[in-house]
Every structure is written in C-alpha cells, then in structure tokens.
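By written order: A, B, C, D and E. Residues from 1 in each chain.
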C-alpha cells in the first residue's frame, strides 16, 4: 500500500536549514494500522505531510499503491495535529464534516446523514448546528476525526488524534477507529505520544529517532483480536510490548530543539 | 506710466492665474520686457484650467488676478458668488478661430445636418454652445435639436476620430490639428456671421481686490496695458513668449490663427455676448456689462 | 428600530454644530445646512430629480456589481497564482495609480460617450481596492486551511474565498463609497445628466448651496448604501463576528 | 524576469494594436514611451514630478498618523464606532474633486489645499482596513496577553496592532495610489501649485496628446515604484507572514 | 488564594443557550497544585477563563486573595489549550517568551536571559531565534509553557499543557512544574485528561461532571515528597488514588455534545 524509501526532508536552506527526516524507510501493508511514536520535534508530522503530498520531500520518495506521490493522492484523509485550525470557521460543524463527502457519489441528504452518523459516533450528536468556535478543544478534535471517518478513505493519516480528549472518550475513540478499520478495510497511519495507545490500537509500532528522524524500532503487535480496553491491556503480551516500545523511546536521549 | 515708489503700493507681489493659451501672452510679454519690475511688482503665475476652479482663491485673497473668458466672467457674476471686474481686455474673436468640425467622411455638411447629433464642447452652457446655438438658429434649428456633451478640448480629437461624437466645437490650436491630422471639415465658423467680433478673454479681478489695492491695481494695470499695446502691434512678440509658458512649439505658435489683441473691449459686443448667454438661459439674470467695467483703475 | 435610529445621534448634533459654525463664519463657500436644505427642497420642487437620480443610480449599481465581481475574481486569481501575479502585477499597480481623469482619452477610444464610458470609468475606479484587498487576502490564507482542502480535494478557491472573506469585505466596503465617487466623476465629462453632472453645473454657475445639496445627497446615499452593505456583510461574515468577538 | 516578460508582452500587444489600427487616434505606445523617457531630462517636468511627490508623501504621512489610530479607536470601542459610523459613511462618498473649491478656500496655499484633499481621500482606505483588521484579530491572541495581566492599551499595541498590520499594509498600498490620483486630479482641475496635473493642463492646451499620455505613464510608473517600495517594506516588516 | 463560589456560565441566550458551568464551588489554597479532570466539553476551559477574568461568568463569583475577579488579576499566567494560536506569529520564539516579562522590572538583557533559561528548561535551548510556525506542535506547546514559567506568576493556570508532547518529555515537564512550584511558591491549577498525571503532579484532584460542570469529586493526594516518576508511580497509594479518580471519571456517563 504505502512505500517510503530513503525519505529525507530539510526545512529551509543555508546555515539555518533543519534536517527533519533523513534516510527514512518504511512500508505499510494494505489494511494495516501503523502507529508511529517518537520524540517531540522528531519529524513525525513532516513524515505525515510527505505521505499526504502536502510537502515535496527534499529527498527519497513516497509511493502509494506503487504510484509516486506528487500531489495529494485520492482517497486519503488526514486528521491534523492542529485540529482547531483545520476546521473551517465559516461553516457549521455538520457542514465541516459533510464537506469532503461532495467527492463521494452522495446527494445532499445522504451527505447530511453520513455527517450526522459520524458526529454521533464521536459523541457529538447534538453539535452539528454549532460553529467550531462554539466547541471545546476536545470537541473540535472529535469533529476533525468525524470528518475523516465519514469520508471513509482508503488511507487515513492521523496526527495525535486523541490528544485533547479525556481518558474515557479516548478509549472510546480508540475502539471506534479499530472498529471502523475492521468494517471498511482502511489502512491507517496514526501518530501518538501515548505508548499504551500505540500498542493497543496498532498492528505495528514504529519508533522514530529524534531529528533528523529515521526508524529506530519496528515492532509487530500480535495481540488477540478483537481488542478490548480491559482484557487486552491486562494481557502480559501487551505489558511486554509496551515496555519494549517504552525502552526504545526512552533509549533516545532527550530531544534537543 | 512710470515706476513710482513701490512703498506706496498695498502689495508688490501678485499671484496671477494663467491659462496656458495665447491669450495669456501679454502677461509674459510684460514680464519679459520688465514692465512689472519697472512698476515695482513681482508677478508669480499659477497654471489654471479655468477661473471657476480658482474662485475660492480669489475670494480668500490668495490669488490676485486671473485670465478669464468673458463667458466665465459673466457666469461667475451671474451666480452672485463674487463680483468680478474686467481688469484688462485681451483678445477679441476674429473669423476662423473657433469652428464646429466633423470628420472628413461624415455625412454632416451643414449646420442643419446637425439635427439630432451630438456635438462636443469643452464646457456646457458656455461660449461653444452659445455661438453654435446662434448658428443653429440661423439654420432653422432649435437649441434642443442638438445634444451637447462636455469633452475637454484635448480629448475632442480622439472622440471625433473614433466617432464617439458627431461633431466638435474647437478652437486653436486644436482646430489646426483637426484639419491637419484628421482632415476634419469645418461646417460652421462660429466667430463669424451672427457671432462675429465677440470678446474672448480678459484679465479679471474681484471688485473687493480693486477697492482694497487701488495703487497696486493701477501699477499692475499700467504694466498689462503696456504689454497689451506691444501684443496688438507686434505679433512676433506674442509668438516669442507662447512657447515659454505653453507646450506649443515656436513654429506652431507663429502659424496659429489668433484673434485681435486690442486695448479696450467693445462694449456693444460684450453686451451682445451677455444677451446671447441670457437668451439661451445660461445666465439667470440679464446682465448690464457696463457695471463690470471699472470706470478708472487706480 | 428606534434603538437603531438612536445610533444616528451624531448626525443631527454634527449638523447643528455645522450650522452654528457656518453661520458665524459666513463664508460664501460654506452655507449653513439650513440654506442647503432649503435649496434641496426648492430643487426637489422645481426640477425633475428622478431624471438625474435614476440613471446615476442605475450606472452606480451596474458598475459596482461588475467591478466587485471582477475585482474579487481577479484578486483571488492573482493572490493564488504567483506566476500570474508576477506577469500582470506591474500593470495592476500601474493602472491603479493612473488618475481616471487622465485616462479619458483612452476611454474615449473604446467606449461610446454617455453610459458606456461612464460605466467604464466607474468599473475602472472601483475595481482597484477590491482587487488589491482580495489579492492580499487570498495570498495569505492560513496554510492549514489550504492543506485541509488539498487533502480532501475540496475546491480550493472556495476555501480561499471564505478564508479571505474578511479582507475581501474590507475592500468591498471601501468600494461602495468609491462607486458613488466614481459615479460623480464619470459624469463630469461627456455627460448631460446625472448627479455628478448637476454638481458640476452647480459648481460652474457658483450655485454653492446646490453644490452642497449634491454633497449632502451623496452623503445620504453613502449612509444608505453602507447600511445595506453591512446588512449583507453581517450575514456573510456571521461566523467571523462570532468567532472574533472577544 | 517574469515581471519584465509580462510588461514587455503587454506593451507589445498595445503597440501591435496601435500599429494595426485597432487603437486609432492615439499615438502608438512606443512613441508615448519615448516621449516619457524624454521627460526624464526635462527639468521643468521633473520639478512638477517633485511637487506632486512631495504633496503625496506629506499627505500619506498625515493620513497614516491620523487614520490608523482613528481606525484602532473605532475598531476597538464599538460604541464609538456605532456613533461615528453614520458620519464616516456620510463623508466617505463625497468626491475629493467636489471638495476642491472648499479646500482652496480654506487653505490659501494651493500646495496645502492639495495635501488636505489627499489626506481626506486616502484616509478612508486606511481607516476601513484598520477597522476590518482589528475585527480579524484572533481573540485567543488577545486573551493570551490579557492573561498575563496586560492592560487594554498594551493588548492593542502588542497584539491587535501587529495582527492588524497586514490589513493596514494593504490599506497603505491602496492609499499610495490614491494620493497620486488625488494630487494629479487636483492639479489638473484647479492648478494646485504645479505638479504633474499642471503639466497635463499645459500639454492638453497645446494639443500634445503624446505628452499627456507620457505624463500619465509617469503617474502610473510612480505608482508602480511606490508599490514596489511599500511591498518591499511590508516583506521586511511582516516577514513572519511572507514566510508561511 | 482562590475562592470560587456558586459559579455558573451560560454561553449564548435563548433556545441555543448552553449551560457550561452550573453552581460550581471550589477553593484552592496558597501554594497548592490543583488538578482538574473531567470529560471533554465539560466546562473546564470555561472555568479556567472565568478564573483568569477572560470571561465574565453569568453567575456566581471568583475571588483571588479575597478580591473579586473582574478583570484579569495581576500576577497570573495562563497556558492555553490551543497553544498554537496563543503564540504570536510575528515574533520569534524567544520574543514570545520574553514578552510578558515586560511587566516585570527587568531590563532587556535580563528578559532575554530569563527567556533563554525558560526555553532551556523545556528542552528548546536552540529554538529561540525561530518563528513559531517553524516548530512542531509539541515544541510550540513547550514554548507556551516556557512563557508562563518565565513569568513566575503567583497563580498559574494550565489547560492541558502536556497534551502534545511525547511520553518522555511529558514526564520531564511534569517534574519541571513540580520543581518550579517548589522553588517559587506558585499556586497552580492544571487541567489534564491524563488521570495518572493528575495524581502524580497534583496535591489535590478535582473531578468535574459533564456539562453543566460542577464538582463531583475532590481528592487530596498525599504522596511522599519529592515525587519521582518511577517510585511514586509504583507506590500503592498512587495506584489506589488513580483508580479512585478513574472511577469517578468513568462513573459519569458518556458526555453528549
């Protein structure tokens, strides 16, 4: 599905240039849910932007289903880290969610229904008519998730999608993602800072180094399916994997600027 | 005249509004020949388009005198906004210096053909419209039969050649240019026949200024009158100064047809102009031009 | 309604102050408002005001609509396409610095005297602030909005238009009053009717109260048109007001 | 490079149109440009340009230091804005050209009258853009500074003003060309103490259409240069904006 | 230090009105570190804004050191949830941090030094000259924290301050807050979604209900000082408290919009 080979990205030029990614190789299979963890400022969001075709990496290449990514590929959705600025302030919440569905063969009625369904699934059944600025931070983040989910993309990129919600909601959303993935055969790349989360939702966890980012660990997560917030997390495999990822992350020095 | 002591004069520096046309020539002749200096005057000029726009400056005293057409003089006095006085006559119309012209391929050939057509004039309800009306009437048309529209002289040729107007009322040097560049055909000579000998331009001042500055006025008038003498006697003197304050090249200045530069205005012609303007409703009240001519300056 | 009218308290106060100042100064060029009003009433009674107002306002509306549409479209286009901007921007900044009065000969080549040339002058004058504001607005749209649009393959121009709306509306707000101004200027030459024509006539014949009548009329039109504009803007930028009301 | 290409292309099209007779009655672009170039060596024209430019600069400066603070006041105190709005909207549509006689009456020096008219006209884009810019300030940015205990003035100065700067910059760029237009128009219609407009009057009275167009080209070129200058300044001052 | 009595806040009016907070009572002692947890959209940020005097609550009152909060009280700092929008894009990172210090009696040199020190403490020693947009999400969040820390306020309000940083950095920042608090006698109110974190850093944990928010739990955290990421978290008291808070949070239904 997704092939990243020898990817590098440098921001700026000259002495102020910043090497965000260097020689990164990674591949994601169809239907896989890959979690990426790594220190703050490593280059995770940069990697995600390269996959989405939002920036042209300065070196290497990204291929989706064999095709070189030059522009934003079709059938892809992104939940941005900076969710509040990725919602359009001039539209109601429901319109924000329904907007991308214009690219699907859906009439207005269907779009509206799909948007409402997605909002319900993230616990925002009654927020559709509001404007983004009328929502709390966590609610905005859930709207961004709902928008991506409603779109049902083949490849979903999520950049810390659950950072601003409470523990309970976070668990619900993790399960929601797992369930949607199961139903709709999505490939998902999910960036998270929560090591437990990466192991709980991931089929695979990739650990990135501090900047310039490259892969320092790549763990297959083989836990009993379907996963469950209580039993899975109690399982010794889970505890073991989590420690392993933790070690990999902690093995890195404290990240400098 | 003689250069008696500037100390007695109310003011020695004058600001004069000049329109960059041949009529302003006497002022520059006076300057060139040192007539102002001899009277102890310093004259500063400001380029203006028409006296209407600088009336505020006349009223607040920041401009002393100005070149004006007789039509403007009458119009301003008629409005009651200011009391203007004829300070020194400059130019009287001669045949062939202002005409209505049409493009060379125009079917319009006589004044009567203008019925229902659009004629460009520089300013509405002023000299052009007045004299043209007089000729239209002679040809049996009513003033309403023709549509007048205001287009600055400089843009009339463009408007004419691109057929945006049907005819144009032009004066020199535009008239020559229309003839030479466009092959335009004159259909009415508006300074002949019923409108022959009308006064064109003069130097104007406000009545208030005259009473406030009698000595200065006298000195300024002496200098201007002297220059007017030079201008009426010697066309070359005019030709020589025109290129200094206009952009008319020397050759064109000499070739230009001018009216008559005389010392005094003919009161009857002045009154005739006033009556024409009033007759067409361009003036509210019927003016008596003698009130605008000061009996004695100084 | 009453509450709304109350906001206009400054107008009568200013008029009263003006009346006192002008009366005591007694300057010819500054007739007191009472004189202006009397002259307006007289003009309304004796002249066919509609014959001047209607064509003027029709040209104003048509010219403004054309200029606004063209300004926004062109501005957004130039704002979003660096190549196109580089190609034509010099002409834009050149063009908008040229006094419309000095362009009359050029207009005369292309447009018929009368309404066509007047419309052209209005469009020409009104276009620029809309264009420059739209261009600047579109150029600096938050990249996060653009990224979101790109990812979901949303029509980019709609996102740009919405995101740049606050700035576009600033340009449009300017353009409403400017359209009135251009309406007057376009009637200074090559015209035989309209408010501007009448104002020039009044100026030419030193009918100073009539000149001021024109000014007052323009001012009133400005207040009315601006009220209409703000009503539209309030609807279009509702999200914006709500979001930025601290 | 591309800019030059665009300009060249545009000129070529105009020239071709002129030569092919599509634009009758006007001198071809090349003639106008040659005349315009010739004006650069014409001392009296240059002093006219100087007169126009000094009036523009003075007018713009006065307008910026009055209209921007006024815009900040109106934009940050809604009650004042609501009260003043009818008056502002009453004044805005009054053409500066109609005010020429009034200005000429009030200011005895034509140059001052011209500057007054420039200030009047180019204040509006500054005022309106400042007000709209203020309405566009992110409330969270203001809250941030308020959260640290800064008073309203500090918030205005340190958050609202920089946030509004892009709007103000646009306003200034519009105002710059407005100053030119007003200056030339005033000179053209009412003398106004020399300047490009006075030159236009002279050229017009002598039927020198080529010179009129050449002087007009100068007006446009001055506007173009001023715009380039202000854009460069904007890029420096608002670096953060152009980088994103 | 801080007294909140019978606080209510309603957004909007009429049928669309939203009751965010209703009859909330809370008091915080001088030098206390209070953690607030609660479901997304409960009204936590609203509460924090009321304390900071950024909104006028529609009912009840907030007093700081006995004084009714009408405007923003002096000597207070806020780390906003939406950190990216609270950094000024027109200033370098160092200037952003140094800006509030203008209210302190410090000359330019001292301000600069203090800003640099604060940036170092959050691991951004080398980011001072950059502009906010050149930083990753987590780095931006740390700049916002550095700005508040450098200010050394008497009362610090933090709205999910560690939501966007990796696990390692998060622990470091938690310890940093504890340490700064100890040194400078700050009172801190910290909103978090991480129950472990609330227990680890808090002297007290308050659990809010779903909207309209009121206090449903108020637990004193009595753990051995100084706290330590490994030993404290292993301690049975910690585990017990965490479970307790978890129960309180989970005891609430899923929050509707």
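The rule we apply is simple: a contact is a pair of C-beta atoms (placed from the backbone, for glycine too) under 8 Å apart; a residue touches a chain by one contact, two chains touch by 3 or more.
Just so you know, these numbers come straight off a predicted model, no measurement behind them.
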item	value
For chain C and chain D, chains touching each	B
Chain pair that, of all pairs, has the most C-beta pairs in contact	C-D
Chain separated most widely from chain A, comparing mean CA positions	B
Separation of chain A from chain C, taking each centre as the mean of its C-alpha atoms, in whole Å	49
Length of the line joining the C-alpha centres of chain B and chain E, rounded to whole Å	82
Cα-centroid distance, chain B relative to chain C, in whole angstrom	37
Residues of chain B whose C-beta touches two or more other chains	55-56, 59, 152, 154, 158, 162
For chain A, residues contacting two or more additional chains	82, 85, 134
Residues of chain C engaged with two or more neighbouring chains	28-29, 105, 108-109, 188, 203, 240, 243
Pairs of chains found to touch, sorted by chain label	A-C, A-E, B-C, B-D, C-D, D-E
Contact footprint of chain E on chain A as seen in their complex	11-12, 18, 37-42, 44-45, 81-82, 84-85, 119, 123-127, 130, 134-139, 142, 159-160, 163-170, 172, 193-195, 246, 249-250, 252, 254-257
Chain D-touching residues of chain E, taken from the complex the two chains share	49, 52-54, 72-78, 80, 82, 85-86, 88-91, 99-100, 103, 131, 133, 151, 153, 157
Interfacial residue positions of chain D with respect to chain C in the complex	2-3, 5-7, 9-10, 23-26, 82-87, 89-99, 101-102, 105, 124-125, 128-129, 131-133, 135-139, 142-143, 166-167, 169-170, 173-174, 176-177, 180-181, 184-185, 188-189, 197, 200, 209, 212-213, 215-216, 219-224, 226-228, 241, 244
Residue ranges of chain D touching chain B (in the complex, touch as defined)	24-26, 100-106, 108-110, 188-191, 193-194, 198, 201-209, 211-212
List of chain B residues in touch with chain C within their complex	52, 55-56, 59, 75-76, 78-82, 118, 120, 123-126, 147-152, 154-155, 158-159, 162, 164-165
